[in-house]
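Both complexes shown next keep subunit A, but they swap its partner, so subunit B is in the first and subunit C is in the second.
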Partner chain A sequence: MIGARRDDGVTLEPPSANEPLLKVEDLSIEYRVGAGTFQAVRDVSFELYPGRVLGIVGETGCGKSTLAHAIPRLLPEPPAKIRSGKIIYQGVDLAQVPKWKIPRVRGTGVGMVFQEPINSLNPSFRIYSQVVESIRVRRMRDAGKMPSFQPGPQAFDYSRRPQLSTAEAMAHPLTPVLPSGIRDRGPPPIPKQLREEVLEALRLVRINDPETILGLYPHELSGGMRQRVMIAMALSQRPTLLIADEPTSALDVTIQAQVLSLMKELMEEVKTSILFISHDLGVIAEMADEVGVMYAGHLVELGPVDEVFGHPGHPYTRALLDSVPTRYKDDGPLPSLGGNVPNLSRLPPGCPFHTRCPIAEAPCSVSPGPLLEILPGRPPGIQHRAACLYPERVEARP
Partner chain B sequence: MPAAIPTEEEASPLPDLPPPTPAPVVVRSPRAPWSSAVIGFLRVMRANPLTLAGFVLVVIICVSAIVVAAVPPLTQLLLGHALAATPYDPNMPTAALHQGPSFAHWFGTDELGRDMFSLVLAALPLDLAIGLSVTGFALIVGSGLGLVAGFWDKPRTLGGAVSTVIMRVTDVFLAFPSLVLALAVAATLGRSIFTTVLAVMVTWWPYYVRLTRGEVLAVKNLPYVTAARASGVSEVRILFRHVLRNILEPLTIYYTLDVGTVLVTFSTLSFVGVTGSITTPEWGQQVEFYQGLLPFYPWTVLAPGLAIFVTCLAFSLLGDGLRDILDPRSRRALIQAAQPSTLPAEVPAVAARGGGGAGA
Partner chain C sequence: MGRSRTDLLVFIAKRLAVLPFVLLGIIAITFFFTHIAVRNPCASWIPHAHPGALQNCINYFGLNQPLTTQFVKYLSSLAAGNWGIDPLGGQPVAPVILAAVPATIELVLASLFLMVVIGIPLGVIAANSNGRWADHLVRVLYLSGWATPTYLGALVLAVIVGPAVGLPSGGAYTTSTPPFPQPTHFSVIDALLAGSPSGVADAFSHLILPATALAFLNMGIATRMTRSSMLEVLPLDYVKTARMKGLSDIFVVYKHALRNSLISTTTVLGITAGSLLSGTVVIEEIFRWPGMGDYAFNAITSYNFAGTIATVVIFALGVVIANLVADVLYGVLDPRVEWR
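== the complex of A and B ==
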């Protein structure tokens, strides 16, 4: 048995252009806290096609992080519970896979990059040790010493148009500046071949002097560096799907731009697709091919990023876009919506947004609008859908 | 935010950029990987005189214990006579009995003319072994149970049930004062040093269960544990590599401080008399044996008492300073404090120190 590839009967389908890599269907997740039940995610459906970036945008508490953590089943269960729905990743429904088998798809299948890089790196280990940990998982799975879902051949062409900003980032790689008092700790005690692999992973994320970085502790790195190390760790496992949960929120704007262009560039090299969670519309506009807008646990709009931001089909998207300051004109205070986000344990009947909606009518308070195509008849992958009964009344942006 | 969206001007082709600068060549001296840890340790020691004192005392105590236990001829050579066996001469002049401390007899002599220093030294290996083994047993058993109870504690699962059982049994043990419980167990098992050690062991592990479980609960939901889980690392490996490694610091400190406490407890038990006869030298028994002489020849009681006190103090000082050595952040801050440079000290490193030694 040792040495042979462990087969647990689950074979993943290879990514292809027409089949979504990840298909979430009517996913509902609730938190049971004490006597109350909070509907964090409700009837969310979307598809992510290989080689693309799907952005999920929404305000704090709208359920986007819950959604991100639910896909590799990282939510603590209880209190969280997937009440209904499917998470179909390469033809396998992760919501139905027994919990003890789930770790096999994590890392090499579904990788994750988290929000706060300082907390996501183990403070007790040096960088090389943490990168080795990730590489070790992939190596052991490749060698069949650790069970994993069998991945299909990577037939899909992941190449994208190179970005100009990426070239800029590459030309000026970050040079680590050692804080005072840190000495060079010498080469790490790992085999040379493994060390080369670690160095390669760090060079992939454009760290200029990985030899020095190897011997440092996480608290000795800058925020941008830490996030690069996190990305390097996730990508060193060659994940088919990378979930980035607000990876740039803790970084300042210039580092943010560098990290974003880096991730876009690396998608092609590593052959991965990204589910990108953010509350920042600008980040989503730069990063994503498609965008889903979430409000109070519902996915209210989904479509190509230009269309959604240019011609929003849902009044909430419109209100969200209006709240972004522009630098071209100054016409008084930014518009804001009246009222508050509804309590997730007592959602109003009908559309969750109708209590605050400027164009709501009587039918809106009866039944929630399904995610309908605004312009029907388009092929899957570029459809623009909104959960609004009157998408034509939502004004296009000037 | 607007800076993240490139405008038309920004998106125009860039002028020719200079070629990327090559990475600077770092010349490394051939050093063993652990040498930096040793250097850091020595620097921290220099910055903390009390820790240094504790460390030196612990080293002296341990080395003497090993020498006394393992190399009797060397002890004999150093003392001038066999350990704990000052030759008893019935015709000894009366002046040789109960002498005060002098250069010849550092701790004086007892009413039979025996050298108190030799007696105290003879008891050292046994007492040190008791202190280390009882805490070691408690550390292994108690922390092992605490790890299991803290890590798999989800209600309505097998792990949750095991965790509940472990914690309730621990509560039962903690409900009794440990000294009274140990006394009861030792008295039941019979009067000997071995049974007393066994009794202290039985009562000592529950504290470690509590401590470890609390630390595990604090660490196991931190983002880096979730991140490790997200990268496919197995649960057992997460437990040992990510959780245990990060709670090792409070455990080590508690263990070190505890060696002295065990010593005092054991001495108390043997002072009360549960360890039986005086044939084996032991500090608590010696205090009990000579207590009648306290008003007349106080050094006979003070010598073993001082031995207990100094051993406790040494381990306490060392344990107190260990936190600064084990946490890489505070280690760096200390090194910087010891070596004032022209550069300003790292503010985050100093600030992080307060949160570093949680639970100690």
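== the complex of A and C ==
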């Protein structure tokens, strides 16, 4: 079985850089709510290499969003608490960086795009002033006027990264439609050069005629337009690592498709490393090089996206894949798992999935399986690992 | 319906259009209350009076006529610009009240200023140290202000704190009338106009304690409102977005979070205007501040009906205007609000 997977014709390119940009080691995060604690993330480890896209997939409440927010230390502490583990970004453990120094890592270092474009722009400020803020931070840090994160010895080489440029071919242009009754609020009171940079940032996300939206407030834009502005703001800071926390989940299907293809194009252009969080397997398959599957706070499988989805090494991944409707399947209702996700404050001993697992054996209820390489001997970055004692029993997908 | 300047002017005009009716109602209520409660004030105006003199007084003020006739007569004299006379001194009430209005406005604005520059930052600090010692300290502070009876807090400031820190706690100036003209009757502004630095210092030092007393007792509501609305705003995504730009915590809190928290604080401050104005009655009495509260107290206790009605109307006008200003500020702070 295992041998067959090597010959399925998939060629995997290991990452070009030797050192990961982000290395999360045995990260455990808990929430204290009242007297109880919830283990939102438990012993999660993964690496993200420069220029790669790592998808994290899992159902609601599996801890993927907590994980995404924990990396730039955006979780409210308390109630959240990083109980143990390391978040090594460019050689520095962010979990140990004092809180007042954390803003230096954000923006130009780690950028983020959020789920709800309705809520993620400040309703009280016009578009230009929100974009200008991002650009100002980047400019001031470039000029050394604002403290920025001191990269560690394994720092990613900024000079090797291609500079952002306005795409000449606009494959998915979006022309703003002004809401009726909005009068011209005049040109924004900012220097011309800054204004040019704002316009360039907005053109990068394929907004036609960006001048028209400069003076508008967020509520005067459509959801797709707002999410483009969010992406523009994040990219205008030229982040080394971009965390996209379900960036398309709150959008209509058509807008979602537009924003996804835009992000895919931008990924080619910008070559930023991306941590892409989604509950949508299709989106992850489209966007990511690698995928991590989370269940009840645990990372149960991690590997190249084609391999994980083609030959899952964990029964949970398999069950997740089975629940995706395809137009070829016409044999009754979609399979669904029996039982529920275990209570995060009282996880069963052993593998978190064993109570619902179709292939569980007695040892599964004793100790949680570590992430083990299914095909040992591969270089880092393209390894396929699963936290299952019997990965060979998980059926490949037809 | 929109957010243009015309929309705003239409909004203000509409609000002001109902003002005469509000004032008429207030005049009617105060008029009938005072006149029904005290049917024959002449007896207290001229104690131990000769029966003939009492009858003269009643005839002079028309107190033997039906109340409705008296009310119509009062309204027609008001319409002619005559606010009535103070029966004790026989002087018209209008000039005395109009001279007292600026002092009260000055006191209210000074304490509003203190509420904004101290009360709001305290709320911000409390929200950002939610559940830790600074939060508890602020909570104790505003609850003690809130729970202290107005007269007690003011008396403590006037009698104990004032002498202890060397601040005056009586009047608007050291001398009963300042050595310079009072064109505006705002104590600090008059001193500034007269170009007298010592006068400004004198007026300012007299303003500190009464303004603090009035502010301390009402500050709790600004602090509390800011704290709770900021606690609602801080976890929102756009605050996270601002943090993720790499902006410092202080910048994020005071620019992105506070702007939106202030929307509810402003509304509440507008509502507090009424409580601030009624607070001036006690505060001005204790600090002998030459304002309307002081005048209102004397007018009520001496059955000076004309003076009572006029001060109540001016207080009501103040509350209406304060609420209008709060509504306008609300729209200025929140671009999603449309004037309607």
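The rule is simple: the second predicted complex is superposed on the first by the 357 of 398 C-alpha atoms of A that agree within 3 Å, B and C clash if a C-alpha of one lies under 4 Å from a C-alpha of the other, contacts with A are read in each partner's own complex, and residues count from 1 in each chain.
By definition in this document, a contact is a pair of C-beta atoms (placed from the backbone, for glycine too) under 8 Å apart; a residue touches a chain by one contact, two chains touch by 3 or more.
Bear in mind that the values here come from a model prediction, so they are computed numbers and not experimental data.
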| item | value |
| --- | --- |
| Joint occupancy of subunit A by subunit B and subunit C, clash or fit | clash |
| First, second, both or neither for A:366, with subunit B first and subunit C second | neither |
| Partner chain(s) touched by A:219 [first = subunit B, second = subunit C, both, neither] | both |
| First (subunit B), second (subunit C), both or neither touched by A:281 | first |
| Contacts of A:209 with subunit B and subunit C, given as first, second, both or neither | first |
| Subunit B versus subunit C as contact partner of A:324, first or second or both or neither | first |
| Subunit B versus subunit C as contact partner of A:334, first or second or both or neither | neither |
| Subunit B versus subunit C as contact partner of A:257, first or second or both or neither | first |
| Location of subunit B clashes with subunit C - one stretch out of 37-45, 73-81 or 91-99 | 37-45 |
| On subunit A, positions contacted by subunit B and by subunit C | 72, 74, 76, 78, 103-108, 111-112, 114, 116, 119-125, 133-134, 137, 141, 146, 148, 181, 183, 217, 219, 230, 233-234, 237 |
| Subunit A - residues contacting subunit C, complex | 69, 72, 74, 76, 78, 100, 103-112, 114-116, 119-125, 133-134, 137, 141, 146, 148, 181, 183, 217, 219, 230, 233-234, 237 |
| Parts of subunit A lying in touch with subunit B, wherever the complex brings them together | 72, 74, 76, 78, 103-108, 111-112, 114, 116, 119-125, 133-134, 137, 141, 146, 148, 164-165, 167-168, 170-173, 175, 179-189, 208-209, 211-212, 217, 219-220, 230, 233-234, 237, 253-254, 256-257, 260, 280-283, 285-286, 324-327 |
| For the subunit B and subunit A complex, residues of the former touching the latter | 1-6, 11, 13-14, 17-21, 23-24, 26, 28-29, 31-33, 35-36, 39, 154-155, 221-224, 226-235, 241-242, 245-246, 328-329, 332, 335-336, 339, 341, 343-346, 348-349, 352 |
| Residue ranges of subunit C in contact with subunit A within the complex | 2, 4, 131, 235-238, 240-249, 256, 259-260, 333-336 |
